[in-house]
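What follows is a group of structures, each given as structure tokens.
What follows is subunit A paired twice: with subunit B in the first complex and subunit C in the second.
== the complex of A and B ==
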């Protein structure tokens, strides 16, 4: 892959952003709670952007992949604790198992639902999310409605101090690494043949087909990639929340938040989720502190205002305003 | 040895509810041929294009491309075999640059599989130089004027290195100077073996600049076929356009 210097600077900036986030967390431990949330929402937006941003399709069931990841991560901890294998395996098996489950489920959903267009696809995905949740509760798999509770297992494997370390430093670092990898994946895709196919189908699916783009195939590739990163985020998040209940894990709010982060920042752009993640988390956090109970009332008009001012998201709109400045436009793509 | 036609339509019918849009169309197009399909509004021209490019499946009949039965092939597969199409109303990818629009054609058209992005962009630049849109290559497609978008539509199709180029009213709304230039380009490509089929709603003398053979479509049927001079001079064509009621096939 031969790349322009603009393209190289672009990925370096994105990775630098994540490195700085991680560094800030180390330097200012008093803000670690806020920074963890920034990292989490940025990662979620970055992962979701691979599907939502690159294809223009909305998956209202995206949280299902994060939930599968949470179960994958938590069940690995339970399994390793009960069999007495090396504790480190709990941290290795979790992500692997999560990705495997997400890829299987995403392939099944993708092969069927991605033949649907636009709104029909979005509706189908809501059904998948709710269906999975009720399957776990109704069939009583993975603890059913009682969920999976792992603090005891983590203490048994890593001791009190190790447990604290894993739930904070380790899990946060994992999230930064996953977000960085999602950014790299986005960048590689955008600069490849697949990215051109995806851009064409996002802009005009029928024209793309007639121009030789196998749109279903490319949508499935983006869907599975995005799902895999979503599940990795879940497997790391499980180490922080340590109790996984179906209504919490499959809560559609996470999907909505991921959509907001990606869209406010600039769907389909590399930097969109970074900007969106920071803006969303800071606004949500400080409104929650300053005006407890009223934060959603204030938050909604802010979101409407931002969406009206920046219809293509902050990054996307700046890119359009300065569309004749080639370097800036390429940098913000 | 019998030469295989590039495109062969055999008794194609297509029906939308109670409307018979195509009634048993049979048509054969050879390599490098320049064919014009003439017919008034509603005669089935665009439906025919949609059937050839794979947007619609015919209700009966079959389509052969270079001897291969492609009747059941999806549009993207046909495109990769060398069937390219320029839409009547340009459908550029608005958020991509002019150059990227054309590069999509190069990447996913005939022989695009082996290209990497740089090669595709270089090919896009070549095509843009050919059609005279090179200066605008870095602009976003949505910033182009209407007639520039028409030319971009053609450039994307040419970048696909097609063996068969389907042009849907590409000359309509294009300034006369550009028509001469584009006609020259299409004729040049035909000499290299690319066949083209142009759809024309209004019988314009401009057609004659591109087309050699003309096929007249009326109410879903081929009613007249011949050299473009013959067809344009024929009494029957005048009846179709001006006195449809008296016309009986």
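== the complex of A and C ==
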């Protein structure tokens, strides 16, 4: 992997962005609710972008990995609380278990569903997401429709103050770290052989195959990486929401929001999810403050307008406009 | 296990399935013609259900009349949507068309929520019931199935016995070829969008004949997902396939719910839907072209 200085600056800028986001949260505690949302949506977009942006495939069931992560994180807390192990183990086991579950499920889905393309792949992933949700409810796995409820366990493990700290500072810091790692993963993939293979695949899958690109392998690598980060976000998010019900955990809205964040910013670019996450969260938040209850009614037409007239997103469009400026073009890759 | 009960559930599954079939044909036509997956499908079913509810509650119009009204309404909405939105996403990226159609669905749901509030509504229109296997089937449900069959018959007459219908089939097969033959492809696209949305709204009215309760702004989501399964079962884009897929799915849903509940499952409905999605994945893997295509 040979790296130009521009590409080094690129990753430094992305990491600096996350550091600033985290710092702002510390400096302005009065905005911590809004900043938490910015961090969450940016992380979600960054993680989803690894698959959506790099391959161009639409995984409509991405939320399933986040949901698995939420269950993984919450069940670890429950387990540690009931066995009386060291409390810190709950926070270590949670992410590990989440990633393990997501990697297993993603490998299974990837190996079968990634043989499909376009609309068929999108529908298959919706099917997997809904199927998992109904399996959990119907077969009463992990509490079934009653869900997993952990505030009591968190209090038992960490006390009232510790619970509050974990649900705010700890979980938010964890999300920032996950988002930064997702950004690094995106950057590494994009600058590697895999990234070039995926770029070829996104333009023309058959041609890439003929040229000897192992498309299946690369697609599965991107899929599993993206799923693992999604599940980590879920395990952090579980510490914040603390109650996990199947209809909410598997709610397709999260998938759509991840898509919106990536697309508004510029799918496939490193900075896209950062800009998309900030734009999306601010718009959603302030619409909610200004016109409570109407934010989606106003947001939906904006979404349609973006998809029909502005498909490259902010970063992609800037890149197009300044396509003759080498440094800017490379920086916004 | 009670065979009579199972047969009864299979029959009501067939009735419900015929209604699923009609609304899924709407999804299939839009995909077949424009390669656009209407992820906002359920929102149009919701509009149809509300049309039936309001026309009955406010003006006392029976659902048979609402069916015609909502078909016309859907046709108009669909054509409008084509000229405003779908026209721009036909040959674009998959991702953009999915987002745009999702946005349309959310907009309609939120509009319904704003205008009519998120209350569960229903109406009661009783025209009698006939005894069947020791239980009773509502005549309204049966009339829903009869309307579905009438709709699919007229749809086939339109597609195979009229000039406009032939043009539509030609565009499905090959838009460029159709264009060369002098067909106004844009107009046919608009017609297809109208027909697709119209059948979805019509399906919404028919659904209220089967179950006149539970009408609310977000009722459409499960129907979108079921329509995906049904459309894939019959082969995306196939009209007869969508109808047969609807019948099969209706029978599986009702039959499996009954069997699981007899087996003592506390949430048989969820298990039945799980089964539905397993079938979806299997079909996609083994026969992605659907049951009917050769």
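In this section, the second predicted complex is superposed on the first by the 327 of 333 C-alpha atoms of A that agree within 3 Å, B and C clash if a C-alpha of one lies under 4 Å from a C-alpha of the other, contacts with A are read in each partner's own complex, and residues count from 1 in each chain.
One rule holds for everything that comes next: a contact is a pair of C-beta atoms (placed from the backbone, for glycine too) under 8 Å apart; a residue touches a chain by one contact, two chains touch by 3 or more.
As the structure is a prediction and not an experimental result, all values here were calculated from the model.
> Does subunit B (first) or subunit C (second) touch A:323, or do both, or does neither?
Touch status of A:323: first partner only.
> Who does A:290 touch here: subunit B (first), subunit C (second), both, or neither?
Touch partners of A:290: none, neither subunit B nor subunit C.
> Could you tell me if A:92 is touching subunit B, subunit C, both of them or neither one (first, second, both, neither)?
Once the two structures are laid over each other on A, A:92 reaches no partner at all.
> In this superposed model, does subunit C or subunit B come into contact with more residues of subunit A?
For subunit A, the partner with the higher number of touched residues is C.
> With both complexes overlaid on chain A, does A:212 touch subunit B (first), subunit C (second), both or neither?
Only subunit B is touched by A:212; subunit C is not.
> Pick one for A:263: touches subunit B only (first), subunit C only (second), both, or neither.
A:263 contacts subunit C only, not subunit B.
> Pick one for A:122: touches subunit B only (first), subunit C only (second), both, or neither.
second
> Which stretch or stretches of subunit A touch subunit B in the complex?
Against subunit B, the touching part of subunit A is residues 1-2, 191-193, 196-197, 199-200, 203-204, 206-215, 320, 323-324, 326.
> Spell out the residues on subunit C that touch subunit A in their complex, using ranges where they run on.
Its residues touching subunit A are 31, 35, 37, 39, 85, 88-89, 92-100, 102-104, 106-107, 110-111, 113-114, 221, 225, 228-229, 232, 236, 260, 265-274, 277-278, 280-281, 284-285, 288.
> Using the touch definition up top, name the residues of subunit A that touch subunit C in the complex.
Going by the criterion above, the answer is residues 52, 56, 58, 60, 112-113, 115-116, 118-120, 122-124, 126-128, 130-131, 134-135, 137-140, 144-145, 252, 256, 259-260, 263, 267, 293-294, 296-297, 299-301, 303-304, 306-309, 311.
> Please name which positions on subunit B make contact with subunit A in the complex.
53-55, 74-77, 79-80, 84-85, 87, 91, 93-96, 100, 103-105, 107-109, 112, 116-118, 120, 138-140, 143, 156, 160
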